Amino acid sequence: MINDKDSQKIVDYIQNFARKQSLFVMAYGTGCGAIEIPATMTSRYDAERFGIRGAATPRQADVLLITGYLATKTLKRVIRVYEQMQEPKYVIGFGSCTINGGMYFDSYNTINALEQYIPVDVYINGCMPRPESVISGFVKLQELIQQGKADNGKKYRENLEWYRTNQKKIIKNWKMPDYNW
Amino acid sequence: MNIFFLIILIFFSGAILSFIINRIAPKFSGITTFVTIAVVSFLFFTQVEINSITQFSLGGIQMQFGVNNYTYIFAILVLGLSLLASLFSIKYMQDNDRLGYFYSNFILSIAGMVGIIFSRDFISFFIFWEIMTWSSYLIVIYDGARSSRSGLKYMIFSAIGAYAMLTAIVSIKGSYGTFIISEAIENGAFNFTDHIYIPIMLLVGFAVKAALMPLHVWAPNAYSKSPMSFTAIFSGAMSKMGILGMGLVLASVYSHSTDENAFNVLILRQILGWLGGITAVMATIYALIQTDAKKLLAYSSVAQLGYIIVGLSTGTKLGVMAALFLAIIHAVFKGALFMVAGAVERQVGTTDMTKISGLIRKMPFTFFTALVSIIALAGIPPLGGFVGKWMLYEALITESNNYFLVIVIFFSSTAAFMYSYRFLFGLFLGQEEKEIEHVKEAPVTMIIPMVILALILIVTGVYPGILFEPIAQGMQYLGYSDVNWDMSVLVNVWGEESNMAYINLTIGVVFVVIFIFLTLKNLKGTRYVGTKDISTSGEIPTENENLTFQLDFFKPFQRAAAPLYKRSMDKIWNDLGNALEAIFDFTRRIYTGNGQTYALFVIIFLVILLIFKNTLFTN
Amino acid sequence: MTELIKEQHLLDSLTSAFKIKGRVIRDRRVEVFADKKMVSGILLFAKKQLGFIHLAHMTCIDWIDENKFELIYTIWSPIEKIHLFVKTKIERENPEMENIDSIWDQANTYEREIREMFGIQFPGLIGEQDFALEDWDEMPPMRKDFDTKKYALETYYQRPGREDAKDVRETISERSGTKVPDFAKKYSREK
Amino acid sequence: MEDLGLKIFGAILTTILGFTVGMTYGGIVRKLTARVQNRYGPPFYQNFLDLLKLQVKKTNIAHGFMGHMAPVWIIIAAVTVLLFIPILNGNLWFPNMSFHGDLIFLLYMMVFGSLGMALGAGQSGNPNSAIGVSRGLSQMVGFEIPFVLSLVALMIQYETTSVQELTQIQHETGVWNAISNPFAFLAALFASLGMFRYSPFDIVGAPAELASGPVSEFGGKYLGTMMSGGAIFAFIKLTLYVHLFLGGAGNPDNTGIIATLLGLGVLLIKTFTLYMVPVFYGWINPRYRTEQAIQYFWRWPTALGIIGVIWAVYS
Amino acid sequence: MVITPIHYIVVPLIAAFAIPLLSKIHKELFRIVPGIVMFYNIIISFVLMKEVNEVGYISEIIAGWEAPWGINLMITPFSGFLASLISVLGFLIWLYQYRFKKVIDVDEIKSYGILQMMMITGAIGIIITGDIFNLFVFMEIVAITAVSLTSFYRGRDGAEAGFKYLLIGGFASALILLAILILYTQVGTLNMAEIAEKMHTIPLGIKSTILILFIVGFGIEAEMFPLNGWAPDAYSQAPGPTSAAFAGIVVKAGIYGLIRVIYTLFDIEGAFDFLIIAGLVTMIIAEFSAVKQKNLKRMLAYSSIGQMGLVLIAFGIGTKTAVFAALFLMFNHAIIKSLLFMTGSILMYNSKDKTISSIHGIAKNLPFVSIMFAIGAFAIVGLPPFSGFWSKLYVLTAAADKEMIMLIIAILGVSIVEIVYYFRVVNKLYFATDIEHLDIFKPSNNSLIAMGILTITIIVIGFYPDLITGYLHNAADILLDRSSYIDFVLKANVPIQ
């Protein structure tokens, strides 16, 4: 019965619904964007009504929220956090800096495109994006999840070679532990 | 030859033999010990008849040897534990010097305990008691200068206890004209009407071995400083000798108490109970701030003995049964735990919890033993420890109406979770230390005794009746008639019963269901990772970095309970010791070393005597 | 300038003691220009004798045209309420400066930063080579001759569409009706 | 055998009930908290969604055998305790093995889960977990004292250690223990503040301070299983309180379906009301430090408990 | 060959005069002859002891004058027991000191053996004489020899100790002589049995004065507090074998004098209570003082004083069990303390500054000596299964029979103090290996044999006290029977004409 396609569809639907409605966010407050998170979560915008709540550790989190520019030093930590998260896991790039470097595009220590290093599901534009746009970003992510298109953990695993090459290009002294994928 | 003399002979010749063998082939010293104890155990359990009496006389004193149902409980405990501990000891002590010294004292201390068990008169009881004491003292100082201070402390306190006991013994002889224990009881030595000091002195003597507050201060050091294979017996069995004596005395006192002395007995009961309770609490809170696993266990032993004494002090059927049950269970799990500490010490080289962590992968069997024993220690169902605690609470609430003592005991028992966890966590859990990567599981002869003890704990948890049977018979000897027990059902005075087997069945079913569910569910998706792979805000701990939280583990509790830590019995005894030293120094100065002064002394003495001659001497 | 008595007094006492030049910038701001070797003496004197007990800041400027680094020590006297700038210039080749963290402990932080960002060595400086950067093995990035844009283009993936990033200073200055100063043009990103 | 079948069925039913009610209460509390904070808040079934999501996570990480066993222990403790307390007084639908169990057993069995979790947390090697465990155990020593005092008061007042008996007595006399021994009830109520670990006693998880304390390294199915265990525990504690102090629920004389449903309704009302106490207290109090929390319990609640015991002895 | 008590005195005296002559024949005879004499003493003692145990009393009249006019030698089971104890110890001490390097090396070696032998002879004389003045004479012999032995090493300390002993011992002699004088003026006889018979005729005031003089006089020899100031110095300064002889022999003689006077001569109330109090104070002060001692032999000396206090207590209780216990205690103290002094001296000769702390971990170098010291320590504090336990037990039982509970507690409390200082030494012997011992002074084989015999005795008696208890019971019985002593001397022994 489980192999039955229709019932699998139903199961998928339910699973995706639960995933979509319950997003535990690991907010990696790298840059100035971190200040927008409290506004998003508290009374005025209340992201919890979408089932979005903070997670304290990457083990429990579903969504990795990168809020702002990523220095190469920080990127190392972000990669580790991302790898410690458990699938299905999603990444939201938040603010212009994660998209193209923003105002730091020519900085000697800031990466310019996040998806080169870890797979990103949704980018939220703006410098900084207001809570409305953050929530809209989350809603977009939820749509993707419901459609089953958002599982980038698998993508990361499958293209690990490529991501690693990119990561190692800028993190010269690669001392990360090896995971038993 | 009489079986009792044969046993003593075997023990003493075993002691001498192991001493000699060590000179020839140190390897076989431990095996000799094991064989000696095994032979004695075999003889004891096959040849000795319960309630048979052997009479003889030594130094003009009538003596009796014999075993009754009550002491038989302790015989099982002592011989069983000694057998396992001596097996454990073979490999544990392998690389040490002076094995002959160790093993001959080892055997002598066991001989002392077995002798105590089959002594039916006070003199042989005392003789064996002292043999046990000094042989164990010699083992405590086995470790050299480091432990000589704790050894001396142990010896002094033991002497205080032993001499208190001797005072009572000779007083019994003086007042009741016999040294035979049963006759003394019949003659009313423990009536608690006149010669109240006799039972009290005896209790003081036993209380020292049972590490009752305020006479416990020797115990933590002595337990932790002696070799672990001996401490397993030291804490497991030897402390129970104190319990044996206390049980005997208290049972006689209670069963002979009449209306006139009811109040006295009540006071005694309350004092003992509270002393036991305070012992339990204080030892517990000191246990949880220890960083050395051995010391933690030592304090824990003191605390557990506190429970047992509380149980004995109630004097009720359930209370005494709880105490005896706890005594056996405590011997089992504390024996196992000290063996665990010993195994860790041997394999790693230290038991300092701040230096060790993450041994679970290296020493799984040891961890299993530790886990089971700790569950029993904490009194968590379904293991044996719970049964004992259950009976203790029931006795306190339903039979002896000592409600606030319940709270004290419960506080201690809850705080015991803290140090129990600390022990498991400190040694076995947490991140793996880089320095102890080479560590392997302990040798088989060390694992076997530990695992046997763990299995005993599990079985007694499900079927406490196995232990209830001998205990009930022993209690009948003490004068408690109509002791009910069932294989797995606990009944309190109000008629309520708890079926341990039933509970265990439930737990087992739920366990299997959940375990299968968790294990099978997305089996492939489950990854086991190393303990270095933890979420540390993205930071990567280096190879040598150990993030395990070990120092000041219960600092907040320590702060909250700061008033409790202020008064330390050690300090009070130290002050007393210093005061005595001052007195000694003063008396020393009487001897000035000056001839004239001495001559003056003589003259003064003569003059004083002449002045007071009429008051001193009459016709 | 009559109201700047205490500033002038301070300057006088410094110049008379050390034979150095200096000036009063405005109220509560005094700067002196010292030789490399005199700096620690001046600082110690200011700390012990004049009450400048606080090292507020320490920084470096790369005067690439003069081929010099300028080190600026900002110290503060809570009694006089004056910021004193002690400035000194050192050669750009193999730059080396005296370590003053024995005078003020907090100088250690600044010195490590300057060492990392400008490559100025402070003999006897305690602390790891890495300060803010991690595994940096290029030219110290705050030097004027380090081309950060070139480095970024080479090292990081550049998202297409970002090439039109122009120097917008012209436009902004036109919009506000001012002119871009000459020195600014010199350091324009678009050579 | 028929009896056994019924029991198994009842056991499953009880577990489902406890689980559902516990989870729902948790959801409602989240909603209420949001409303108090002037937010819209998540739906009341949010907890179920969270749990489902955690259970359908594709990968899970365990740090070793004890890490794997920790949720098992919690569930064992939760389900066992649940089966040994009466859900409805004398109702056959719920297996109610409490004839055999008693309060002391329950007290210790509840710790079983905590210990399992602590061991699992310990094996993860995360310092936050260990600190959380240390705090949790310390706090437990704090609140157990007033709690046990109140229980002892009850036990000696009615000379029984069985929950079932206590409920039955209240049912027969019609006087709740909360009224017949108000001091013990108050002490227990204070203890419940610590037991539910809402603010100001949320020092174990301590968000923003310890990551999430002992569960820092647990995710996916492990976290989900722990959550369900926690939910059942919440229900257990509430039911236990209701049966001990608030007259229990259910009518042993009438075990028909309607009466059962009615009894359940009463149970839910009482438990929910009780649940609001720690929640309300939490809304208006910031987090204590550990030693403050312990000392909090050792002051007034303990005093109340002692008065309660004296009251029980002399009444 | 007929053995009579006179041999005790005659043989050593002859030997003492013969030794200087014999030594011309062969040098070694210096040392060997005293040993032969000692061994002969043992033979006499055992023969006499066996006999006296059956008969009750043996009397020997010297120079043909019958008692009460002449001097008679009296062997009772009590004195027979002490005499054999002293003989055996004397022989063992001789065995121990034979080839004892520290003694041999000194020039006065010739006098040493003679002095030692004469001291023992004097002690035996005290015990077997039946004449009070004769007793005084023997006392003087003991005192003089003891003083010269104390200052045997002619150092400053030895001389000082000898002087102290001489001073206090002079007091003792003077007081005893005074007492005898007064006694003679009152009863006109020096025979002890006759004195005892006529004692009731003396007025109480004079009687108690005499008693006090005797108590103080003998108390000095018996190390009663506060008359024992000489003892620690003398013990610690004397050569090792002599210290053992002091503990085992000299003190026993003093105690004998005291007991004979109080038990046989006088019939006064309160003397027993006085003994208890004096013994208690002696014991407590001495044991307390011992704790703080740094010199091992001084510590042993204080311990010895304390044990004597215990003996006094036991005699003071005065019941049959108590006297039996006291005798047992004397026996134990003699063998154990001798052993301790023998081993302790060897240990002390190995320490540079004569302190306990400087013999850390010497057990490695001197295993046998150390273990014998340890056994001695175990025995003296009364740990079973060593002999010391039994005597302590009997003392306590005797006290308990009279319901003297505080006394029991005091005795046992002091025993704890004893444990403290003895175990401190044992701890140090065995378990501190931080000091290297280079040139070790090792005991010769004959010393080891002597010590070994004592050790084995301790253990054997510990396991089987019945070996001697029977005899001791008999001795105690007869000691308590004052009238039979008088009757035997004055009536039964009068030749029938």
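Just so it is clear, A, B, C, D and E label the chains in written order, and each chain counts residues from 1 on its own.
Convention: a residue touches a chain if its C-beta (ideal position, glycine included) is under 8 Å from a C-beta of that chain, and two chains touch if they have at least 3 such contacts.
Keep in mind it's a predicted model, so treat the numbers as computed, not measured.
A.B. asks: Could you tell me which chains are in contact with subunit C and with subunit E alike?
C.D. replies: Expected: no chain.
A.B. asks: State which chain is most central when centres are taken as means of Cα atoms.
C.D. replies: B
A.B. asks: Tell me, please, which chain's centre (mean of its C-alpha atoms) is farthest from the centre of subunit A?
C.D. replies: E
A.B. asks: From subunit C, which chain is the farthest off, judged by mean CA positions?
C.D. replies: Max centre-to-centre separation from subunit C belongs to E.
A.B. asks: Could you tell me which pair, A-B or A-D, is linked by more C-beta pairs in contact?
C.D. replies: Counting C-beta pairs in contact, A-D comes out ahead.
A.B. asks: Once you find the CA centre of subunit B and the CA centre of subunit D, what distance in Å lies between them?
C.D. replies: Here the centre of subunit D sits 36 Å away from the centre of subunit B.
A.B. asks: In whole angstrom, how far does the Cα centroid of subunit B sit from the Cα centroid of subunit C?
C.D. replies: That pair's centroid distance is 72 Å.
A.B. asks: Any idea how many Å lie between the Cα centroids of subunit B and subunit E?
C.D. replies: Once rounded, the distance between the two centres reads 44 Å.
A.B. asks: Could you work out how far the Cα centre of subunit A sits from that of subunit C, in whole Å?
C.D. replies: Taking the average C-alpha coordinate of subunit A and of subunit C, the gap between them is 40 Å.
A.B. asks: Could you pull out the residues of subunit A that touch at least 2 other chains?
C.D. replies: 57, 59, 76, 84, 87
A.B. asks: Give the residues of subunit B that touch two or more other chains, as numbers and ranges in rising order.
C.D. replies: Those would be 525, 527, 529, 532-533, 535.
A.B. asks: Identify every two-chain combination in which the chains touch.
C.D. replies: Between chains, contact exists in these pairs: A-B, A-C, A-D, B-D, B-E.
A.B. asks: Contact residues on subunit A for subunit D in the complex?
C.D. replies: It comes out as residues 14-15, 17-19, 21-22, 24, 42-43, 46, 48-51, 53-57, 59-62, 84, 86-88, 153.
A.B. asks: Please name which positions on subunit A make contact with subunit B in the complex.
C.D. replies: 28, 57-59, 76-78, 80-81, 84, 87, 175-177, 179-180
A.B. asks: In their shared complex, at which residues does subunit A touch subunit C?
C.D. replies: 72-73, 76, 99-101, 105-113, 116, 166, 169-173
A.B. asks: Quick one: in the complex, what on subunit B touches subunit E?
C.D. replies: For this pair, the touching residues of subunit B are 57-60, 123, 126-127, 130-131, 133-134, 137, 141, 143-145, 147-148, 151-152, 155-156, 159-160, 163-164, 166-167, 170-175, 197, 581, 583-585, 587-588, 590-593, 595, 597-599, 601-606, 609-610, 613-614, 616-619.
A.B. asks: Please name which positions on subunit D make contact with subunit B in the complex.
C.D. replies: My answer: residues 55, 57-66, 68-69, 71-72, 75-76, 79-80, 83-84, 97, 100-102, 104-105, 108-109, 111-112, 114-115, 118-119, 122-127, 130-131, 133-135, 137-138, 140-142, 144-145, 148-149, 152, 155-156, 159-162, 165, 211, 216-217, 220-222, 225, 289-292, 294-295, 298, 306, 309, 313.
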